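So, here's a batch of structures to check.
Shared chain: chain A. Partners: chain B in the first complex, chain C in the second.
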Partner chain A sequence: MIRYAINRILIVIPLLLALSVLLFLYVHAVPGDPIAGMLGPNGSPELIAQLRAERGLDRPLYVQYWDWISGLAQGDLGISLISGQQITPVVINRIPATFQLTFVSLFFTVLIGLPAGFLAGKYRGSWIDKILSPAALLGLSMPVFWIGTLLILILAVQLRWLPTGGYIPFAQSPVDSLRLTLMPALALGIHLSPFLARMVRATTIELQQEQFVVQARMKGLRSRTITYRYLLRNAIVPVLVVLGLQLGTLLGGQVIVEQLFNWPGVGRLLVEGAIQRDYLMVQSLILVVATIYVIVNLGVELLHAWLDPRVRL
Partner chain B sequence: MTKQQQRMPGSDPLRDGAVLDVRGLTVEFPARGRNVRAVDNVSFTVGRGEIIGLVGESASGKSTLGLALMRMIPAPGVVSAGTIAFGGRDLASLPEAEMRELRGKALSLIVQDALATMNPVTTIEEQITEVIRDHGGDRSRKSLRARATEMLREVRLPNAEQSLNRYPHQLSGGMQQRVAIAEGLILGPELIIADEPTTALDVTVQAQILALLRDICDTRGTSIIFVTHDLATVAEICDRVMVMYAGRIVESGTVSAVFSKPAHPYTKALLSGLLPLSGEPPAELEALPGQPPRPDAWPTGCRFHPRCPLWRALGEPEICTTTDPEVDESDSHWAACHFADLEGAGR
Partner chain C sequence: MNVVDTVNSMKPRFGRRTMSVPAGGVRAITLRAIIGHKRALLGAILTAVVVLMAIVSVFWTPFDPMAFDTGEPFTPPDFAHPMGTDVYGRDILSRIMAGSQVSLMVAAAAVAGALVMGTVIGLVAGYIGGVLDLAVTRVVDILLAVPGLVFALGIVALLGPSAQSVTIALSVVYTWQFARIVRSVVVSVRSRSYVEAARGLDASPLSIMVKDILPSVVPILIVQVTTALAWGILDEASLGFLGLGVQPPDPSWGSLLIEGRQYLYDAPWLPLGAGTMVVIAVLGVNLLGDGLREIVDPRAGRSTS
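The block that comes next holds the complex of A and B.
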């Protein structure tokens, strides 16, 4: 198990390096000059050239890349082209909010998706399945901004249970912080859980036909044992894999949800950076998000190996 | 070999007190608006400590019969008629909750592919001990582990103690089968239904597992219904043999009687090697033409008559196509053939 873990971790390093190269080239391939954009119509060619030289944008790309990547190795994400501020502290400032939203969203995804999918699969064709399966389809076809708007309309505007948006750091006031997290996280959870539920349903149906589940009944095991130790335990394995993959969707979906709920996370920072053509800001933020994604998936893989010993081979 | 032959002649299962007494067992599957009988009016008894071979081609109903005894016929199939007397109860009409308690405790089923029957994500220890726990056994982890170790030793699993911490896929095929047998035996069942338990194993391991099963019967007094298509295996470990064809038992008797004086033309064909029970029949096989019939199209009368060499040799008598052969199942050796005696005497 430990050897397996080390192997997986070693694979991550070249993966992230390759990703950084692609990302760098991609961002620089986007048309439009950030300096020209910043100065607007008043920017004379001389001024633009001067500012480009100041920001180091006139150097060859490989020098710029090396500059960026060696800074990254020391935890320095670079300097914003627009504001001239260090990016690292800005990102660190935003990360708690993003993590909090991600975590609570995943919690809602599992809370809704796992039981719904498991029950629908276990009692396939029953009334539970007949209600849950169309509901999942409905959920899959609702865009996340629409779910979010609906939640605001019902919970905030109509019922006045929750504020429409905003953010309070968890450390400052845990209860208020969680109250504010509830709606954006629920919107993301409702958006993501149908996919999970469908996966779990399909897995549960398959599992019930597996010979080892049939044999469990042959051995006269209690239905509780079969449900938890045979079905649920084996159904959780694909849940993990799906969750790891859905994290990508989640981080992308957050961009919209953070905007909608006025949530000061990394997603909003990314949107602002992209609008201003702030190369370094965008490429550094995407790399941070990608790194989170890779690390979480690594964690999922290790957890997967722990839960299903066959993976360790 | 000699052991069971010495033992057999005097042992009458009914006098010894049969462990299992099946009468008129019928299993039906609804198909295209009518009911198909996969097992049709089957009766037999199993004595204590006896190994009965149940032989037949694929789709003869032998595995379905095994599942019916466990009351595990996959839906929508049902046991539509008959009784299964076992331990003073009729399994055919027992409530499901009581049936569950008997499964794994009083009667166990061991199947061919042991790996596929084990939960891939739990250790051998958990698999064995959960059987004990779910049947109301003791719950102390230490004593459960000790019982599991002891059981694994009894099925001669090498490194029993260490194997408890392993996962099913980490064991070899023979070890997996030993673990499966240990799971089936842990609560000391009176009857084991072994459905081709050695087919997936190579020959030397096969012989070890067979010897183990024979030993278990002799030392524990457990009875085994050994479902197989391998006649050599039957000759090796069984006391009696039942030959199944098209959902019915066509011949039944002690191994020595059936193997030395087969009375049914089908049994004769099997024994003479004319019709291998698995794989492609040899091309020159003209004596026994055709495929085994399917449950939705059993032939009328004697179900074997379309393929029967004796029927053709006798000039295709009408009785074979119209009337089921009647048998006296209390005889120690019987065959469901109108001309069984004639055949038997002729050879």
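The block that comes next holds the complex of A and C.
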């Protein structure tokens, strides 16, 4: 197991380093001068040169790269192109909001996807199974901003149960904070759960034909015991794997949902950076997102290998 | 076998999955096969409706989509304005119709670009192999570590928000998906006897790639194109919704949805039309792609359903 883990980790490190080089080269090989583009018609050559020097963009590329990557290793994301301020404190400021949304979204995803998929698989061909398939198809064809807009129209505009958006820190008022998390997280949960439900359904169907389940049934074990101890427990494994793989969709969806619900998270910071063409900020944030994505997937893979020793072969 | 393979082998028929090479070879896609396949037919009809609407809008829309005061601002849906009017009294239906042009054009152009670049990269890397192949495989691995939408967002950040930037960004993101699939097909047919025979006849590598290998890639590419079109429509609307696509006052489905977000209490009907169109378009293309996948590889959908 330890050897397997070390092997996987050794693959991830060069991958992230290579990604950082690609990102850096791509950002610094933009045709035209982004600073001139940023200043627009007001940018005199002196002003452009001054800004370049202030942001350290007039140094040789390898020096800039080294500066960036060694800073990242110490948790320093560099400075913003627009404001010239440190990026790290801004990101740290936004992390609680993003984490809160992520966890509640995952909770809803599992809350919807796991029972739906499990019941559809267990009672194959029943009404719940027949509803699941078209519902999942519809869910997968619905953009997350559309699910969110519909939720706002129903829960906020029509029923007036919830505000249309906003954020209150959890520490300030836990109840209000969770109330505001409800809609964006539900939107993401509805967006992510169809995929999970289908995976769980497929696994449950396969499990019921497995030797150990058939044997348990023949031994005369109570059907409840079989359901909980044999089926549900084993159906949890794909849930973990799917959630890891779905993280990319979640991160992408979160960018949109944060925008829709005025949620001050990291995703919105990325969008703000993109709209302002603050490519120094975008470059660092993308690397952070990719690193989180890769590390979580590595974690899920190792967890999966630990739970299911066949994977290690 | 790692997690990705495990999951790929269990993946459902939808979602961002890319097709693998069927073990028993592929079947031809014919019109009769599409008509005979219920889901493919429904998908084709939905897609045709959306495309038709875009074509009609080039020549005719109920009102000029850019004209102010075609009716009172915030008129609820009625006979003259079936989808109501916005804050400037512009007709929403006309704007949705005109917006469909942008959405479909961006998606189609992005996929076409990715198709050409991805096929060339995949063919050459898969056929020539060696260091080039290794480099392409590694780049694909690295780029897959960045969620697609985030990657596209980064490219738009560099180019500045516009429809062209979105097209280029999506094209770049999808290219590697195409390259990966084409490469896998090429590697699997590279050593088949008919390719060996062509090599024995002293055919040039270019001729072998185009005449002997490319035809076996085509059916899988057709399926991949439909899948990518569904992503394209979704991603264009998403980037438009983030304010990174078409800039106001030009309409697109994504930008209509932002405008809808601003006036939810005054005019809750504003986002309904554009959102429904996105769902219809994506659902149609997804159904068509799903059907085509089963036509190409009849065993694809049967494993669990």
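Note that the second predicted complex is superposed on the first by the 282 of 313 C-alpha atoms of A that agree within 3 Å, B and C clash if a C-alpha of one lies under 4 Å from a C-alpha of the other, contacts with A are read in each partner's own complex, and residues count from 1 in each chain.
Keep this in mind: a contact is a pair of C-beta atoms (placed from the backbone, for glycine too) under 8 Å apart; a residue touches a chain by one contact, two chains touch by 3 or more.
Computed from a prediction, not measured in an experiment: that's the story for all the values here.
With chain A as the common reference, chain B sits beside chain C without any clash. An angle of 90 degrees, to the nearest 10, separates chain B from chain C at the C-alpha centre of chain A in the overlay.
Looking at the shared chain after the overlay, A:Leu25 reaches neither chain B nor chain C. With both structures placed on the common chain, the touch criterion links A:Tyr279 to chain C but leaves chain B unconnected. When the two complexes are overlaid, the chain among chain B and chain C that reaches more residues of chain A is C. When the two complexes are overlaid on their common chain A, residue A:Val241 makes contact with chain C while staying clear of chain B.
When the two structures are aligned on the shared chain, A:Leu221 is found in touch with chain B, with no touch to chain C. Using the contact criterion defined above for the overlaid structures, shared-chain residue A:Leu111 touches neither chain B nor chain C, since it reaches no partner. Once the two complexes are overlaid on the shared chain, A:Ile13 sits clear of chain B and of chain C alike. Touch criterion not met for A:Ala53: it reaches neither chain B nor chain C. Contacts of A:Arg229 after superposition on the shared chain: chain B is touched, whereas chain C is not. With chain A used as the common frame, chain B approaches chain C to a shortest CA-CA distance of 16 Å. Of the residues of chain A, those at positions 310 touch chain B in one of the two structures and chain C in the other.
By the touch rule above, chain A contacts chain C in their complex via residues 15-16, 18-19, 22-23, 26-27, 30, 34, 37, 133, 136-138, 140-146, 149-150, 152-153, 156-158, 164, 194-195, 198-199, 201-203, 205-206, 238, 241-242, 244-245, 248-249, 251-252, 255-256, 259-260, 270-271, 273-275, 277-279, 282-283, 286, 289-290, 293-294, 297, 300-301, 304, 310-311, 313.
Within the complex, the chain A residues that touch chain B are 210-212, 214-222, 225, 229-230, 233-234, 237, 307-310. Only residues 1-4, 6-7, 10-12, 14-16, 138-139, 141-143, 145-151, 153-154, 156-158, 160-161, 230, 234, 237-238, 241-244, 257, 260-261, 264-265, 268, 271, 275, 278-279, 282-283, 286-287, 303-305 of chain C touch chain A when the two sit together in their complex. Here chain B touches chain A in the complex through residues 70, 72, 100-105, 108-109, 111, 113, 116-122, 126, 130-131, 134-135, 167, 169-170, 183-184, going by the rule given at the top.
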